[in-house]
Amino acid sequence: MSHLETSINYVWLLMAGFMVFFMQAGFALVETGFTRAKNALHTMMMNLVVYAVGVLGFYTVGFAFMFGGVGGFASLNGGTMLNGLVEVAKGWGIIGTKGFFLTTGGTYTTAVYAMFMFQVVFMDAAATIPTGAMAERWRFKPFIIFGFFMSMFLYPLYGNWIWGGGWLASLGKTLHFGHGAIDFAGSGVVHAVGGLTALAGALVLGPRLGKFNKDGTPNAIPGHHLPMAILGTFILAFGWFGFNSGSTLAGTDLRIAVVAVNTMISSIAGAFGAMIVMWWKFGKPDGSMTANGLLAGLVAITAPCAFVESWAALIIGAVAGVLVVASVLFVERVLKVDDPVGAVSVHGACGLWGLLALGIFADGTYGIGFNGVGATAAKGVTGILFGDPGQLIAQLISMAVVIVWAFGVSYVFFKVLDKIVPMRVAPEVELQGLDMPEIGALAYPEFSLTGSGDVDVSNGH
Amino acid sequence: MSHLETSINYVWLLMAGFMVFFMQAGFALVETGFTRAKNALHTMMMNLVVYAVGVLGFYTVGFAFMFGGVGGFASLNGGTMLNGLVEVAKGWGIIGTKGFFLTTGGTYTTAVYAMFMFQVVFMDAAATIPTGAMAERWRFKPFIIFGFFMSMFLYPLYGNWIWGGGWLASLGKTLHFGHGAIDFAGSGVVHAVGGLTALAGALVLGPRLGKFNKDGTPNAIPGHHLPMAILGTFILAFGWFGFNSGSTLAGTDLRIAVVAVNTMISSIAGAFGAMIVMWWKFGKPDGSMTANGLLAGLVAITAPCAFVESWAALIIGAVAGVLVVASVLFVERVLKVDDPVGAVSVHGACGLWGLLALGIFADGTYGIGFNGVGATAAKGVTGILFGDPGQLIAQLISMAVVIVWAFGVSYVFFKVLDKIVPMRVAPEVELQGLDMPEIGALAYPEFSLTGSGDVDVSNGH
Amino acid sequence: MSHLETSINYVWLLMAGFMVFFMQAGFALVETGFTRAKNALHTMMMNLVVYAVGVLGFYTVGFAFMFGGVGGFASLNGGTMLNGLVEVAKGWGIIGTKGFFLTTGGTYTTAVYAMFMFQVVFMDAAATIPTGAMAERWRFKPFIIFGFFMSMFLYPLYGNWIWGGGWLASLGKTLHFGHGAIDFAGSGVVHAVGGLTALAGALVLGPRLGKFNKDGTPNAIPGHHLPMAILGTFILAFGWFGFNSGSTLAGTDLRIAVVAVNTMISSIAGAFGAMIVMWWKFGKPDGSMTANGLLAGLVAITAPCAFVESWAALIIGAVAGVLVVASVLFVERVLKVDDPVGAVSVHGACGLWGLLALGIFADGTYGIGFNGVGATAAKGVTGILFGDPGQLIAQLISMAVVIVWAFGVSYVFFKVLDKIVPMRVAPEVELQGLDMPEIGALAYPEFSLTGSGDVDVSNGH
C-alpha cells in the first residue's frame, strides 16, 4: 500500500471517528430531552462521564481484549491494517492479549492509534445506551462502576468474537457458515450489546416511581424538552454517516458511497414506518416515535449497510420503524419494564433485526475475502435471499450469543453490583430529582417548572 | 483518473455531503427558535419529516428527473464523474429520464450513489426553507404532500436546467451567453427556489392570527428561544462550508480553499451589513437580524463563491446584509406577508442577488470548460465587470425563470392543494398552539410559559 | 510534492478548519449556559459577532502581521506550504508585512487561502475566550473594539513569534534552546493568549454585582442552563480533534492519529481529575467542573499533543484537571476576580501548563527539522525528561513572554479603552439583564423565570 493510499485511509478513518465521537452529544440530548427537567443535569452528566470512563477502560484494557489477538496486532501493525481486518479470523479465539495502554512494541504504531481512535468511540456508543433506559433513578457511583465493566470486559469480548478475529468471525472458516458472523458497523457489536444491557439494567433497577399503577397499567411520563431530543436525533444521524461509512476503515474503498446512501435510505424508511403506524393507531404522527423510528432505521442498517442495495435498505428501515413501535409497546405493556427513552427497542430489538437482515438481504457483491473466507471465490457476503443459507445460520448464532452474553452476563453483573453498591437512589431523591442530590447543582435553576413532571405515587408502587 | 484521485474526491464529496445533511438541524433550530413555544414541536417535526419525505421523493423520482438526462448518467457513470458535470450541457433539455430508485445498469454505480448522497441533501435544504415562512399555522398533512411535490418535481426540474445539463446551462452553447447560466452551489437552485416557494406558501396560508392589525400595521411576534436560533445559525454556517466547497465535487480541485474563504468572508460581511443597518435605524444591534445577515451573506455567495476573489466576496456579503433587512421590511410592510423567520428574504431575495452577483463579479480565473463552453479558450466564467455581458444575460434569464417557476408553479400548487386538503389549521388550534393538536405532544410540558406568545386578536383579522 | 499529496493535505486542512469553526458554537453554548438567563442573548451575540469582527480584522491586517514575514509567504506560496512551516524560523523577526487582504501576487494563491481558512478560526477561538470571563456586564461597543484589537494586533504578534517564524520560534537557531519555542496547536498562541487577556479584562471590568460580599467572600451565581453548557463542551471536544490533528497542516503526516488519541486521552484525564477533586473536596461530582476539567485537559495537550505518547497525555490531562479546580478557587478567593465561566483557569492556567508540559514530556520522536533546527539530526522536539533542558528553557521563555504580552498589553488596552468608551454597563442595566438594553430583545420572552438569577446587592458592592 502506498503512502498516499494510507494517508487517504487515515484521513477518512479519523474524520469518521470524530463524527462518531460527536454522537455522544446526540445520545446526551436524546436521553435528556426524553426525560424530566428535574433529572436533566444527571442525565447529561452520565453521558459526559461515560465517555471519560469508557475511554479509560478501553485504553487500559478493553482495546487489547478486543483487538489484541494473535494476528490481530500483526495485521494492525502491517501496512495493510486499515482494511486488513478481513484477514484476522483465526479459529476459536475468545480474547486478545496484546496492546494494553496502546503499547505494542511494533513499528507501525500510528496505525494502532488510528484504529484505537475509531474503535473507542464505537465502544462508547454502546456504553452510553443503557444510561437512557436507566435514567432518572440510577445512582452515580454504580453507574461509573458499570462504565468500567462495559468498556473493559462486556463490550470487548463480544467485539473480539466478531471484529477481533474471534470464534464467531471464524464460523466461516471453521464450520463453513458463510463468511462467519458478519456485522459491518455494529448493529450487534454496538447496538444490540448496548440495548440488551439496557434491558438487564432497567429490569434490575425497576421502574420509575409512578410509572406503573398498582394494576400494572403504565402511565406516560412525557419528555421535558422535545426540541432537544430532536436535535440529538439529527446529531446522531449526522454521526452515523461516519459510523457506517467509516467502517470500511478505508477511504479508498469506494463502497463508502453505497454505505452512506443505504444508511440514509434506511433511516428515513424507519421514520416513515414509525410515524405511519403511530398516526394510524393513535391518530397523530407523534414526534418522539418518529425520531425513534429514524434511529431504529439507522440501527438496523448498521450491520448490512455495505452488503445490500438501496431497495433492501428501504425495506430494512421500514421494518425497523414498525418493529420499534411494537417493541416499545411490548417492553412497557408485557414485560412491564420502564425504559424512559426506548433504548431497549431502538438499539436492542432493531440491532438484532440488523444482524438478521444481513443474513437475508446481503447480495454477494461485496465482502469477498472477509473473515478469511472465499478470497478466491467469486462471491462476497451472501444472504439466504441470494442463495447462501450458511450466512443466515452464522447470523442467527451471533444473535443468540449476543442475547445470552449481553443480557445474561450484564444481568448477573447488575444483580451482584446492587448487593455491593446499591444501584438505585432513595425514593425521596427520585421524587425531588437527582440533579441536586447526585450531582450537586440544578440543570435549570432559573426556569419555573409547572410540576407536571411530578408523579402521582398514591396509586403506584 | 487514477483510483487515488477518485478516492480523494469520494472522501471529499461524502464528508461535505454529511456536513450539508447536518444543516437540517440548523434549519430546525433557526426556525423553531424564531417562532413560539407553543408550536416548537410542530416546527421541529416539520424539519425532521421533510428530510424523510424529501429523500424518499428524490430517491424514487427527483434524482432521475434532475440528473438522468442523456449524457448525464453517462458522465456520472464515467470515471470522470466527480468533476464531470462540466461536460453535460446538451441543448434544450428540460427533464432527465434515467436513474429512478438509483438503478442505472451501469458499471460505476458507486459514483451514482456518491452523487445522490451529495445532491439529496441540497434538495432537502430547499424543501425545508418554506417550513420557516409557513410555520405556526400549516397543517401537517398538506405539508407532507408539499414535501413530495418539492422533491419529486419542483426542485428537480429547475435543477435539471442548471445542473443537469438542461436548457439554461446550455445557453452558452446554444445562444453564446457566456458559459450559460451558472450557479456554483445553489444560490438559485436551492435558495431562490426555496425562498420563492416560501413566499407563495406564506401568501396562500395568510398571516398568523394577530400578526397584522385591522389597519394593516404589523405586530412583532418575538421568537421564543434566541440562543436556539443562534446555535442553528452556527450549525448552518458550519454545514455551508461543505455546501459550497463540496460543490467542486472534487477534493483534487484546489479551488476548494478559495471557495471556503469566500464563503466565510461573505457571511461575516452579511452579518456586519445587517447589524450596522439595524443599529443605525433602530438603535440596537439586533441579534435576530445579525444572524439573518450572516445567513444572507452565505446565500448570496453560494452561486459566485468559486469565481470571485475575497474582496468581491466582501462586497457581495455586505450588500446581502443590507438587502435582507430591506427585504424583511418590504415583505412585512408592503407585501403584508407574514414570514416568521425571514426565509423569503434570506433565501429568496439574497438567492437572486447571488445569481446576479456572479454575472457581475466573476473574474474569469475559474470555470474554463464549464457547461461545455470554451474548453479551449483562455477564460473561465466572466462577469460584466471583467468584460463578458453575455454571462450577465444568462444569469438574468436564470433569475427570471426561477421567479416564474418557483413562485408561479408553487403558488398554483398551493392554491389547488388548499382546495383538496385545507392548508391551514383552525383558528382555535392556532391560538392553542399546534403541538398537541397536530403532533400529539407538547415541546415543553414542564416549563412554565408567560403567555407572552399569545396574541391579541381583538384588533386583528 | 505531487498534486495528489497536496490534495489530501487541502482536504484534511479544510475539513479540520471547518471543525474548528464549529467550536464557535461550543464556546457560545458553554458561556451562555454557565451564565444567567437575563443575559443569554447578549452572551450568544458576543460569540456570534466576535466571529464577524475577528475574521474582518484578521483578513485585513492580522494574517499579514502573523504570517507575512520574509520567508513566510515564500513558504506558503511554495509547493511545500502545507507542512512547510517547519522552515520559516528566520532570526529576530517580530512582525510580518505581507498578505493584507490575502493579496500576495504569488502564483500559489490557493495555498494562501487554505492557510488563512485554518488560521483564522484559531484566532477566533482566542478572541472569544474573554467574552466568557467578561460576560454579564460588558457593553457591546467596547467589546467590538476589543475584537478588532485582538484579531489585528494582540493575537497576530505573539502568533508571529511562535508560528510565523518570529524570534521565539527562532530561539533554537539563534540561541540553541532546543527547537526554539514550540506550541503544536496553540496552548499558548490561542489559549494562554485568550485566557490571560480574559484575566486582564475581568480585572478592569470588576466583578458582577452581588458576586462578592462586603467582606470579600464570594457568592455562587449558578449557570442558567447546564445541559446547554455540556452540549457546548461536547461541541468543543469535537472541534478540538480538528484543532489539534489539523495542526500537522497535512493529512499525509500520519502522526495525525497519535495527535487525535492524545487529545482524547488528555481530555478524559482532565475530566477525571476535576471530578475526583470536587467529589473528594465537596462531596459531589459537580457537572460544571467536570466539563471544565475535560476542557482543561484539551487545552493542556494542545501544545504537546504531537510530541508525546499516550501515557504522558494521561498525566498532562490529569494535572490539568486538578489545576483547573485549584485555579478557579485561586482566581475567585485570592485574586477576587469574577470569571463567570472559568475561562481564565481553563484557557490561561492550563494553556501555560501545556507549554510547560511540552518542555517536560516531549520524547524526541517527532519534529525533526521544526523551526529549522536539526534537520539532519536524529532527534525531534525533546523535553527535559528525555534529555534536552534547552527545550524547556525555550518553553519557559515563551511562557514568560505570553504572560507579559497577553496580560500586560491587554490590561493597558482595556484601561485606556475604558477611559474613552466606558466598558461596563450601568448597574440598573446589569440588574435588569443586558439582553433588552444592549441587544434589543430577550433570549427567552416566553419562559417564566424564577428570579433566582437576581442577586442580593444589599451586602455587595
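We just call them A, B and C in the order they show up, numbering each chain from 1.
Throughout what follows, contacts are C-beta pairs under 8 Å (C-beta built on N, C-alpha and C of every residue); 3 or more make two chains touch, one makes a residue touch a chain.
Predicted model only: the values in this text are computed from it and were never measured.
Bringing subunit A onto subunit B by least-squares fit of CA atoms involves turning it by 120°, to the nearest 5. Of all residue numbers used where subunit B meets subunit C, under half belong to both copies. The two sides are thus made of different residues. Subunit B and subunit C have centres, each the mean of its CA atoms, that are 34 Å apart. For subunit A, residues touching at least two other chains, in rising order: 4, 8, 11, 15, 447-448.
Residues 3-4, 6-8, 10-11, 14-15, 17-18, 21-22, 24-25, 28-29, 32, 40-41, 44-45, 47-49, 51-52, 55-56, 59, 101-102, 109-111, 113-114, 116-117, 120, 140, 228, 438-448 of subunit B are the ones that touch subunit A when the two sit in their complex. For subunit C in complex with subunit A, the residues that touch the partner chain are 2, 4-5, 8, 11-12, 15, 19, 36-37, 222-227, 230-231, 233-235, 237-238, 241-242, 245, 251-252, 254-258, 260-261, 264-265, 268-269, 271-272, 275, 278, 282-288, 290-291, 294, 310-311, 447-453.
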